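The same subunit A turns up in both complexes below, where it pairs with subunit B and then with subunit C.
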Partner chain A sequence: MPDAKGRRIALGCEGSANKLGIGIIAHDPITGEALVLSNVRDTFVSPPGTGFLPKDTARHHRAYFVRVAKKALALSGVSISEIDCICYTKGPGMGGPLTSVAVGARTLALLWGKELVGVNHCVGHIEMGRAITGASNPVVLYVSGGNTQVIAYAEQRYRIFGETLDIAVGNCLDRFARTLEISNDPAPGYNIEQLAKQGGRVLLDLPYAVKGMDCSFSGILGRADDLAAQMKAGEPGPDGEPFTPADLCFSLQETVFAMLVEITERAMAHVGSNQVLIVGGVGCNERLQEMMGAMAAERGGSVYATDERFCIDNGIMIAHAGLLAYETGFRTPLDESTCTQRFRTDEVFVKWRD
Partner chain B sequence: MDPSPQSPPTKKRKMATSTSTSTAAPAVVEEHQFPLPPILTHPSAAPPTLITQGAEGRLYKTTFFSPDIPCALKYRPPKPYRHPVLDARLTKARLAFEAKVLERCRREGVPVPAVYAQNAAAGWIAVEWIEGAPVRVKINEWLGQRPKNEEEERSAAEQDQGPLIELMKRIGAAIAGLHRTGVVHGDLTTSNMMLRPHTKKTTTTTTSEQTNGVSKEEENAKLLEGDVVIIDFGLANQSQSDEDRATDLYVLERAFASTHPRAENLFEHLLESYKQSFKKGASVLHKLEDVRMRGRKRSMIG
Partner chain C sequence: MATDDNFPCSLTLRVPFPDARLASVALQALRVDKELSGLVKRELSTVASPGSEHAGETVLQVDYKATTNRMLRVAVNSFMDSLALVLEVQEEMDVDVIESEKASI
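Up next, the complex of A and B:
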């Protein structure tokens, strides 16, 4: 039910990976404005040299769900009766964590007598990015720990033009952080980015794997791991000088980001667009934003990016995309409120766009 | 963070948080705003025209050797976003490969543009000018004339999709020819294929009387006539492996589905014709199943 100001309000729950996020959003039906009322997140951080395992991550989400939800509600200043629907991530993501959060969302829906809306995680990122930046119809580069996709909208679907043929770019960076035993706090990618700023004396030769609008990262990771082993053994680099973890991080970033910018540029040329929106956790990386900006500027276009509040997984994007679907009449009945590890971006029928 | 003062005008949902790093600007391609590559700065009878700014570089139409021989000059300018060492390595390797692969295709009789001249270090290659329009444009023109209503389409269009199916078959055969020579393209899309009109076969249809006499149906059918000429070998490679060939087809399949969603169901005709025209076609298509499954089943954790 709309609140006193006639706004629609949704609560969104996200937990497809190691971030548990709950956010509350309001849509003004007259101005079309989307207003973030609260956006709370708690991240499960694993020790250096390790990744986050599904069962530990799921346990984290279960343990923190209630306090994150309470905090989001308190910060938003809305009462339970004003909330229209409970949105949750249906997929894609890690099974255990997804299930834990879906149980939480169902509980809230039953407790408060609200309707449920299952949301595609990737569509959540795209819609949030569009809302925040105002990019109307951009080519979207979605880069995170689990996804690497170049997406453009056509005829009621977000169509995938290019994607990784093996691991995601964020996964490549995360795993390399593990090789170097860099801290996972606040995020491995962030720490690689900081380290890379100290590198740059030498660009180490890594494979460059682009196939049309697709790309591949596992070979690059393998080669980077080999170079890291050489470095630890004290072997010199190609110029006879020793190289450092910073040089490795720099070379890895320069190579994989150049690939991402290249496939994005190819998609832009293909669909004739000059707007590009970067979403997903890796989208926070300022070097990637800078490179994308240089490419877009040359094409007479612009790059749109958001900061860590909206780039990194969060509840508000699920609330926003869920509310867009809710406003077109979409509902997820309780007995269909499942989640799935595999849920392609182009499976979603985007009824709310022209 | 403060709202960006340069946020673009098309804001639908406005928020107090924006970090867009630049403004929206007008389209690029039409205006001649790029500095010419040095090779095109020499005086010539006809000034070069910028045809398109692709992802790889800029395509100019100019002439080669004599003013009546049109040629396409592809210039790969240094990419400002790329590390200069990486940029130089990629540009040089790709141009050299492009020339090598084109030569090989010509030798084997696969219809591709002939190489006139190249300078890998300077980043340019001059090739034969292919008349006609990209297959993407032609297919969209064709589809644009179809009824939009889905049900109407199903009943009416099924029998008269013939010319498009024919085109799909010709594309399949063209790719088969390419793969037979041991070349994989690396970036197959409907933008990277030209539909070159047949020359001098239909001399009579040029008179106005006959043009008037031609029904709309026939005109539509003519739309998709011509030879399929594959272009833009900037990401090409030499390979005989089923895996690489299948990836080539997979890239096209996905590009086709996202570019021409309304004709997605016709892709099978392309594959069928590929299989018919290429001895190893069946095993490549078998591999294609694997590549598809890998793409679809890959766990996507967010």
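Up next, the complex of A and C:
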């Protein structure tokens, strides 16, 4: 039920990858404005040179679920009776981690007598990005460890204009961090970004793989791994001089971000929009934001991005997108509150937009 | 449980709960996710505790059947992981627990 101010309130649970996030949001009944009441996250960080495996990640989410949920509830200041619904990530993502969080969300909903709302993770990112930045109808670049899509809204769906043909751009960066055995704390992509700032003496030649509106990253990763092996063996770069891990990070970022800017620009030209919204974990990368900003400025537009609180997976985006759906009457019956590893962005009927 | 030629390995878990409501919450939260393998069958129910039938169905009963002991072990281990989370959420986050913690601050 709404609180004393008539606000609708949702608790959202996210755990599709290595971040467990639980957040509480309120929607103003008149303005529709979203107010973040709490946004708590705990990240499973694997040792350098390794990635996060589904089983270990699921164990992390189960171990921290109660701690994170209690903290989110306490920080929000709301009482259980004021909460309207419990939202959880239905997919896409890793099966084990998704299911572990869904079990926790279901138990809370049953104990508290609340309705469940299953949320598409990608739609969560898009709606949170729109709410935070105020971008009304942008072309969306969704870039993370698991997803790479260029999206535009049309007729009640977020339509996918272009996407990766193999691995996600964030997966390419994460795996290259493993090759260099860079720390995964706070995130491999963040550490690559910092290292890249020290590079740039030389732009190493990597494949540029844009195919129409789509991208491919696995071949680029393969070539970057080869170059890293050459570097470790003490071989010189193309100019006869030695090159460093920083040069490799710089070259990888410049190449893959240029590809993303190209497909995003083409989508903007298609739909006649000059706004671009970047969401997903890779969206925190300031070099990507800078390159996208330069392109948007040339088109007389601007780039909208959020910081790590909202870019990186979090519970509040699930609460927000779930509450938007809840307000249109959407519910997920308990028997159907399963998770699915594959759940495309354009499968969701976006009833809450015109 | 009746033996089944194709599913010779079986195990029954009986998990007692403080009351019928919590047993029912656990049943509903856990039965949604289907077994991932066709080599394992699982049935969940709530039953009365022997000797204290008046308290209602306070016991979560889980009947597992599998083709091999290995499949049985994998499935039951996974179930126990989920069960542990349900129990922790019940213990720490039921309405009365949260309200009493709030009142004591």
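The rule is short, and it goes like this: the second predicted complex is superposed on the first by the 354 of 354 C-alpha atoms of A that agree within 3 Å, B and C clash if a C-alpha of one lies under 4 Å from a C-alpha of the other, contacts with A are read in each partner's own complex, and residues count from 1 in each chain.
Following the convention adopted for this analysis, a residue touches a chain if its C-beta (ideal position, glycine included) is under 8 Å from a C-beta of that chain, and two chains touch if they have at least 3 such contacts.
The shown structure was predicted, so the numbers you read here are calculated from the model rather than taken from an experiment.
**Student:** Kindly say whether there is room for both subunit B and subunit C on subunit A in the superposition, answering fit or clash.
**Tutor:** fit
**Student:** If you stack the two complexes on chain A, which partner ends up touching A:Thr338: first (subunit B), second (subunit C), both, or neither?
**Tutor:** second
**Student:** A:Glu155 in the overlay: touching subunit B, subunit C, both, or neither? Say first, second, both or neither.
**Tutor:** A:Glu155 contacts subunit B only, not subunit C.
**Student:** Between subunit B and subunit C, which one contacts more residues of subunit A in the superposed model?
**Tutor:** B
**Student:** Between subunit B (first) and subunit C (second), which does A:Ser136 come into contact with in this model arrangement: first, second, both, or neither?
**Tutor:** Only subunit B is touched by A:Ser136; subunit C is not.
**Student:** After superposition on the shared chain, which partner residues are touched by A:Ala10: those of subunit B (first), subunit C (second), both, or neither?
**Tutor:** Neither subunit B nor subunit C is touched by A:Ala10.
**Student:** Does the superposition put A:Lys70 against subunit B (first), subunit C (second), both, or neither?
**Tutor:** The second partner, subunit C, only.
**Student:** Give one of first, second, both or neither to describe whether A:Val40 is in contact with subunit B, with subunit C, with both, or with none.
**Tutor:** neither
**Student:** At the CA centre of subunit A, how far apart in angle are the CA centres of subunit B and subunit C, to the nearest 10 degrees?
**Tutor:** Given the fit on chain A C-alpha atoms, the answer is 130 degrees.
**Student:** With the two complexes overlaid on chain A, what is the closest approach of subunit B to subunit C, counting only CA atoms, in Å?
**Tutor:** Closest C-alpha pair between subunit B and subunit C: 17 Å.
**Student:** If you look only at subunit B, which of its residues touch subunit A in the complex?
**Tutor:** Subunit B reaches subunit A through residues 1, 7-8, 10-15, 17-28, 33, 52-56, 79-83, 85-86, 90, 186-189, 191, 235, 247, 251, 254-255, 257-259, 261, 294-302.
**Student:** Within the complex, which stretch of subunit C touches subunit A?
**Tutor:** 25-26, 28-30, 32-34, 81-82, 84-86, 88-90, 92-95, 98-99, 102
**Student:** Can you list the subunit A residues touching subunit B in their complex?
**Tutor:** Touching subunit B from subunit A are residues 16-17, 31-36, 89, 92-94, 121-122, 125, 130-136, 144-147, 152, 154-155, 157, 159-166, 168, 203, 208, 210-214, 254-255, 258, 261-262, 265-271, 274-275, 280, 289-307, 309-310, 313, 341-344.
**Student:** Tell me, which parts of subunit A touch subunit C in their complex?
**Tutor:** 58-59, 62, 65-66, 69-70, 73, 79-80, 99-100, 102-104, 106-108, 110-112, 334-335, 337-339
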